[in-house]
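Working notes, beginning with the structure itself.
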Amino acid sequence: MSNTIEEPSRTHDYGDNSFRHFPPASNSPSSIPKPEPFHIEALHTVPTAHSISTRGVSLSEGDKSSTTLRRSRTLLGLSPDAPLLEDDDYHERQKLWWSRVRIAMREPFAEFWGVVIMVLFGDGSVAQVLLSAGQTTAPGGAGFGPYQTISWGWGLGVMLGIYVAGDSGAYLNPAITFCSCLFRQLPWRRFPVYFIAQILGAFVGSGIIDIPSALNFICLTYNDFRYLRVPSRYAVYYPAIDWFEGAPGRRSVPPAEKATANIFSTYPQPFLNTGQQFVSEFVASAILLFVVFALKDPSNHGSGKNDKWFPLCMFFLIFGLGACFGWETGYAINLARDFGPRLMSYCVGYGTQVWSAGGYYFWVPMVAPFLGCAFGGFLYDLFIFTGASPINTPWIGFKLLLNPRHAVQLRHERRQRYADESIV
Amino acid sequence: MSNTIEEPSRTHDYGDNSFRHFPPASNSPSSIPKPEPFHIEALHTVPTAHSISTRGVSLSEGDKSSTTLRRSRTLLGLSPDAPLLEDDDYHERQKLWWSRVRIAMREPFAEFWGVVIMVLFGDGSVAQVLLSAGQTTAPGGAGFGPYQTISWGWGLGVMLGIYVAGDSGAYLNPAITFCSCLFRQLPWRRFPVYFIAQILGAFVGSGIIDIPSALNFICLTYNDFRYLRVPSRYAVYYPAIDWFEGAPGRRSVPPAEKATANIFSTYPQPFLNTGQQFVSEFVASAILLFVVFALKDPSNHGSGKNDKWFPLCMFFLIFGLGACFGWETGYAINLARDFGPRLMSYCVGYGTQVWSAGGYYFWVPMVAPFLGCAFGGFLYDLFIFTGASPINTPWIGFKLLLNPRHAVQLRHERRQRYADESIV
Amino acid sequence: MSNTIEEPSRTHDYGDNSFRHFPPASNSPSSIPKPEPFHIEALHTVPTAHSISTRGVSLSEGDKSSTTLRRSRTLLGLSPDAPLLEDDDYHERQKLWWSRVRIAMREPFAEFWGVVIMVLFGDGSVAQVLLSAGQTTAPGGAGFGPYQTISWGWGLGVMLGIYVAGDSGAYLNPAITFCSCLFRQLPWRRFPVYFIAQILGAFVGSGIIDIPSALNFICLTYNDFRYLRVPSRYAVYYPAIDWFEGAPGRRSVPPAEKATANIFSTYPQPFLNTGQQFVSEFVASAILLFVVFALKDPSNHGSGKNDKWFPLCMFFLIFGLGACFGWETGYAINLARDFGPRLMSYCVGYGTQVWSAGGYYFWVPMVAPFLGCAFGGFLYDLFIFTGASPINTPWIGFKLLLNPRHAVQLRHERRQRYADESIV
Amino acid sequence: MSNTIEEPSRTHDYGDNSFRHFPPASNSPSSIPKPEPFHIEALHTVPTAHSISTRGVSLSEGDKSSTTLRRSRTLLGLSPDAPLLEDDDYHERQKLWWSRVRIAMREPFAEFWGVVIMVLFGDGSVAQVLLSAGQTTAPGGAGFGPYQTISWGWGLGVMLGIYVAGDSGAYLNPAITFCSCLFRQLPWRRFPVYFIAQILGAFVGSGIIDIPSALNFICLTYNDFRYLRVPSRYAVYYPAIDWFEGAPGRRSVPPAEKATANIFSTYPQPFLNTGQQFVSEFVASAILLFVVFALKDPSNHGSGKNDKWFPLCMFFLIFGLGACFGWETGYAINLARDFGPRLMSYCVGYGTQVWSAGGYYFWVPMVAPFLGCAFGGFLYDLFIFTGASPINTPWIGFKLLLNPRHAVQLRHERRQRYADESIV
C-alpha cells in the first residue's frame, strides 16, 4: 500500500485560479474497494517541497545559510522551504540577517499582522459605536454609528486582514487552522506557531485600542498603575473610555451600566445560561467553517475557482454572522479574537470580572469555536466535499477513531514520509 | 424534421466564462421559415451526457457500481452522469459506499445545504433584529440592527448559499427551478428532487434558529411539549424568543404585539386584502426572475459572460427586493423559504394561526412566486432573449399551448431522445 | 484631408476587456500640425458595420428579410446591423415574425427594460421608506428602512438595469446618451429612439408602483376615476399609499404633510430658489458624467480595462450621489427618471401640483442634467481624455462652434460616410 | 559595486496583473554577503524610461515638440516620458497645443481631479448628513443619512477618485506619495507637483460645496464680502448652510451648537488633548499605509496580483477607518483633504477659528499623517515586505541614517543614473 501523502505548504499561485488535484490512481496497484485512507488534499494547494527546491526557491541550495534557514523553519513547525517568489529568493538582500529572520518567520508574521489589522478594525468599531452612542453633536445627531457598523468593522477587518496575511491558509482564526489540520492535511506541526502568532496579534491589536504599546504594558505589569497613567493617556481610545465611564481610570465590565469591557472581548446577553451561550457560539462557528470550506473547495463549481473573490466573500460571511448571530454572545467564533483582547483588558485594569462575567463565560469562546468548526467541517465533507478528507475514508472516518491500529499505522506512514523529505 | 434536443446538466466549467450555443443549423435540412419549435438552450450550458461519458467523467464505465450509480441518479430524476471533476472521478475513495451515495445525491445535497445557509442567515437576521429591537444596552444604544439588516441577511444568505450550492442551476428557489424547466429546457424530471431538497433545507435551516435538530422535532411531535423543553432550550434563539415574548414557551403570531412568528416566515401588512398580497408577491417574483434571466443570458452583452459576478449580483438583487418590495408582504418570493419555516413554526408551537393569519395568507407565497416568476421569464424571453425558448417558437409559444398535437409531438420527441441517451 | 469617421455600434465583446484605438496615422498623408477635427472614438468600441457584416452577423445577407430588417433599423435610427451573437444569427428561430421585430428593436427594448428595472427599484425604495416611516411594528421598531435605503435602491437599480440593458451605451439616462453623441461620436440619429424608450420605461416602471398596467391607465384616462378603482386597488403600493395618506384615493404633493408624490419624482427642499435648484442638479449631473467618462475611458489606466467592474462602479457612483447630493433636489440627474414618473403621477390623480410644486420645479430636472452632463464631459475631455473628442480638435473644439463652415463641412463628411456604408 | 537603480514611472499595464521584479543578480559581480543598499522596487512597477522610448511611446522621437515636452515634464519633476497608450501617442491630435499641455501635466491633472471627486463626495456627504439631521420631512422621517453615510461618502469618493486618477501611484494623499518616495523609490522630484495638485484639488473640490468657482473666490478675496453674496448664493450647499445656521451668511465653527465648519475639515472631540489628537491621527494613518502597502505588494500572495480589486479594497479600507477610527478626530489622515478645505472655509467666512479650534488642532492632520504613514510603511517593510526597500538594507535601513557617507554615496549614484537617462 503506497500511501503517498503530499506536503501542503503555502500557495505561490494565489492568483492563477489553478488547483491541483490527485492524479488518476493509474500507478497504484491497490485493490479496488479499498481506498487510501488519508489522502487529504491541501486546502491551499501548492507546489510540493520537492518541486519548490528543484525550482530553486530555497536560498542557494547547498549554502550553509540556507540549511540554517530550513532548520529554523522546521523547528518552528513550518515548511522548510519558505514561500517566496523566485526572483526575490536569489536576491542578495535576502542574505541580510533580518531578511533571513523574516523569511524564517514569514507565515507567523503574516498571521500576526493579519490578526492585528482584523482586531484593530473590529475592536475599533466597537469602541467607536459604544463610546459615542447617542452623542447629539455627531453629524446626523445620533452617535458615530449604530450596531451595524460593528458588522462592517469585523467584516472588513477580516477581509483586509486576509489581504495582509497573504492567504496563509490559517485565516486569522485558530479554529480554522485546527480544521485545516483535521480535514485538509495541514500538518499538525504548523498549528502551534500559527496559534501563538494569532493570540499575540489579537493581544497587541486590542492593546493599540487602549494602550499604545507592549512596552507600556510591561511597565504596567511591574509597577504601580497610577504612576504610569501619563504614557497610557495617549492610547487611541483611552481618553474616550475615561470620558464615557465618567471618571479617569474607571473601567467596568458588563452588565455594569457604563461598561466598556465589551470593546475588547465578547460578553453574553444576561438571559442565556452557559449551555445556551455554548450553542450560540457553536452554531455560528459551524456556519463559519462550512462556508469557508465551500469557498475553498476546488471541486465546488460555485466557488472553487474564484480565488480572487475569497476576501470579499469573507467580508460578507463575517458581516452576516454579525448581523444574524451577533446578538446573543457577540459572535466571537475565534479563540484569538476573544482571548487575546480579554487578556489585554485584564492587564489594563478591568479586573477579574473579565473572567467571571456571564458565569465564567470566558471559556465558551475558547472551546466552542473549535468544536463548532470541526462539526461544520464534518458536515461539509460528509455531504458535499469529494476530495481527500478523513471523512472520505472507510466508515466516514470513524474507522480512524475506532481502530487505533489503523490510525497509528497512518501516523507512522505520514512521519515516514516527512522524514524522507527531511521535514522533521 | 430532426429536432435534436440537448440534455442540459450541471456545468463543469463555472469559471471559464464559456457558453455553448447552438451550432448553425447547417446539417438540418428543414425548410427555412419553420424553426424548430423547442430548441431551448440550457440556462446552465454544459457538456452533454455523451460528451461527459466519453471524457470519462462517469465512474469506470462498464463497471457494475457505475451502472448502479447511473440508475440511482436516473430514478431520482437527475442526469445519469454525476457532475464531478475528472481527477476525483477515478479516485478510489469514490468507491466507498458513502461516496457513491454522495455522488448520486450531489445536486439535492447541494440545494439542501444552500437553502440551509440561506435560511440560517435570513431567518437569523430577522430574529436578531426583531428580538433585540430597542435594547438600550446594545452598542449604539438602539438594538442589534434596523430593518435594513434583514436585507443584508437575506441578500448575503442567497449569495453564500449559491456559493455552497455550486451554481446548481436551481438557485435555492422552486420558482426559479420551475422557470428553468419551463423556459430553459431543464428536464421536468429534475424538478421534484430539487423541490424536496429545497423545502427540507428551509425546514431544517429555520429549525436551527429555534429547535436544534430534527431529532428534537420528532420527539416533540410524538410527546407532550412541556416535558421536552429541556433539550429545546438550547436552540440558538430559543431563550431569546422566550425573553422577548415575556413568558417561557409563549409563542405568538402577528398581529399580536410581541409576535415572533415572523422570524420564521412572512406575514402581510394588515391593510392589504388577499388580492393585494398576491400582487405584491407576484411583482417581486417577476422582477426576481427577469433579472436572474438577464444575469444568466449568454446573448446579453451586459452580463452573460460575467459568471463570477453572479453571486454578488444576486446579493444586490435580493437586497434590493428587500429594500424596495419587502414591506407589504415580506418578499417571500420563494415557496421553500416561506413554507418550510412556516411548517417548522407550526411544529414548535405557534399553533394554527401560522396558517390562518392575514386571511389564510400562507398560500400566497406558495402560489404567487411560481406565477410571478413565470410572467417575469415570459417578459424577458419576449423582449430580450434571442436564444432557444418556448417564446421563440411560432405564435410566441402559444402554439404549444393551443395546439395540443404540436405539444404532444414535441414531448414525444424529447422522450425519444432521452431514451436514446438512456436517461429514463 | 481624409477624415475617416468610424461608425460606432454596440459592443459585442463586453467581456474581453479589449478596446480598439485609432491606428497610427501612418497611412494618412495629412500635414503634421493639423489634426483631423472629429475623430471621436466610440464610448463603446465595437466592430464596425463592415466588420460585422463580413463576420456574417447580419441575417443571411442578400436575403430579403435581412434587407427589410436593416431598413427598419435604419429608419429607427439604429445601426443597420443588429448586435447579435454569431450563433444566434443563423438560427432559424430568428426568422419568426416576432424575432425579427425583437432584433429590429433590440437596443430600444434593452433600454426600456433597463429603465423599468431601475425605476422599479428606485421608486420602490422611496415608496417603502416613505410610507412605512416610523412604523413601530416593523422588525427593529422604526419603519422599513431609513433614507439610506433609497441610496441603495437607486444604486442597485442602475446596476441591475445596466446588466439588463446589456451595456447598450445609453446608460438609462438621456443625458448620458446625449453626451455620448456630443463627445463620443454616437450618431445623433440614435438619440430619439433611445430617448423615447427611456421615457416610456420610466413611465411604465413607476406605473407598476401605483397602477399595475398601462391598460389600467388607459381606462383611467377615458373614464371616471372612481368607477375604476377596483382594478387599480391591486397595484403594488396602491393600498399602502391610501393607508399612509389616511383616506382612499387621496393623493397629495409636497410640501403637504402626508405627501406621497415624491415616491414618483423629485421635489426640492423649500429653502431653495430656482437658481439654487438648478445648480444642485447641474453639479450632480456633472459629477455623474465626469465619472462615467473616466470609467469608460480606455486610455485611463485606472479603469479603462475593467469593463466587468462598470456596473458595480455605477452602483457606488449612484449611491454616492444619493448620499452626498441627494438632499436638496433629490438627485434626479435624469430626465427620464423624473419626467416619466411625474407624468404617471399626474395621470393617477396627483393633480397639477406635480408641475407647479417648488416654483414649477419640474423643468429643472429636465434641463439641468443635459447641461450638467455636457459640462462634466467637457471637463473630463479637457483635462484627462486623450482619445478622439471634439475637445481634442483645434481651439479645444470651439472652432466647431465659432466657424460654421468648418462644422458644416464635418457634418457633410460624416453624412457622406454614412451614405457610403448605406446607413441612412 | 554597480548599483543600478531603476526609474519608476507610471504603470501602463494596470490591468494585466503583471509585476516586474528584479532580475537575478547574475550580471552583478558584487560579493555575496553585501547586498545593494537601495534597490527599491517601484510601488507601481512600470516599463523603464528606456523601454518606453524604445517602444516609441514618446511623441515622435527626435521631434522638436517631443523634446520640449520631455523638458517641460522634467522641469515639473515628472518622468520625461508621458504615460500614454501607444496608439494615442502617434495620433495627430496630440500635436495640438492644448493636447501637449495635457500630456505634460497628465499626472498632476489626474491627481487634481481625483482629489476633487474624492472631496466632493466626502465633504458632500458630511454636508448632507450634518445639515439635514433630524429633518422629519425626509423619507423615513429622520434626516438624509446617519453618520455611517459619511463613511460611505469618503470610501466611495476615494474609490471613484482612484478610478479617475488612473492609479497614478499618488493615491490622492500627500502622505502616501511621501511614503512611495521614502520606501518605494518614487523619485523625490515627483513629490512637489503631486503635492500641489492634491492641495489644489481639495481646495477646489470643497469650494464647489459652498462656493461655485474659483472665480467667485477671487472676487471675494479682493472685495467686500457682502456685495458678492449674489453669485455665491448659487453654490451647492450655500442655501442649506444658511438655512441650518439660522441666519444668512452666519458661519460657525465647532464646538458652536450650529457649527458647520466640519463640513469642510475635521475638528476633534473636546475631551482630547493635543497629544491624544496626534495619536489618533497617527494610528489611523499607520493602518492606512500598512494596508495600502499590503494591497500593492507583488510578493504578497493575498493581494499582489489582484490589481483590479485595488479601488474596491480602498473603499473598504477608508470605510473602515471612518467606521472604526473616525470619531475622535474625524480621520483626516491626509494633509490635502484637511488643509485644502480648511483654507477654503477660512476664505468663505468662517474666520480665524478654523485655525484656533481644538487648541490649534489644524496642524495635527498636517503632520500626523506623514509620520503615521511612515511608521506604517516601516512596520510593513520590516515584517512582511521582501522586495527592495530601505528597510531591506544593512541595519534595517538605519545605516543610511547613521552613516551619512553611505547615504551621500547612494544619493550620488542615483543622481548619476538619472543623468545617464537624461532625466534631470
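Order of writing sets the labels: A, B, C and D. Residues in every chain begin at 1.
One rule holds for everything that comes next: a contact is a pair of C-beta atoms (placed from the backbone, for glycine too) under 8 Å apart; a residue touches a chain by one contact, two chains touch by 3 or more.
Note that the coordinates shown come from a computational prediction; the quantities given were computed from them, not determined experimentally.
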| item | value |
| --- | --- |
| Neighbouring chains common to chain B and chain C, by label | none |
| Contact distance in steps, from chain B to chain D | 2 |
| Homomeric contact chain A-chain B: same or different residue positions, threshold half | different |
| Cα-superposition angle relating the copies chain D and chain A, to nearest 5° | 90 |
| Interchain centroid distance [CA atoms averaged], chain C/chain D, Å | 33 |
| Computed distance of Cα centres, chain C from chain A, in Å | 47 |
| Residues of chain B whose C-beta touches two or more other chains | 143, 145-146, 148-149, 312 |
| Each pair of chains that touches, named by its two labels | A-B, A-D, B-C, C-D |
| Touching residues (chain side chain D, partner chain C) in the complex | 10-12, 14-15, 83-88, 90-96, 98-99, 102-103, 109-110, 112-113, 117, 120-122, 124-125, 127-128, 131-132, 137-146, 148-149, 152-153, 156-157, 159-160, 162-168, 208, 212, 233-240, 242-243, 308, 311-312, 315 |
| Partner chain A, residues of chain D touching it in the complex | 17, 21-25, 30, 32-36, 39, 126, 129-130, 133-134, 143, 145-151, 254-255, 262, 269, 271-273, 275-276, 278-280, 283, 287, 290-291, 294-295, 298-306, 309, 312-313, 316-317, 319-320, 323-328, 379-380, 382-384, 386-388, 392-394, 396 |
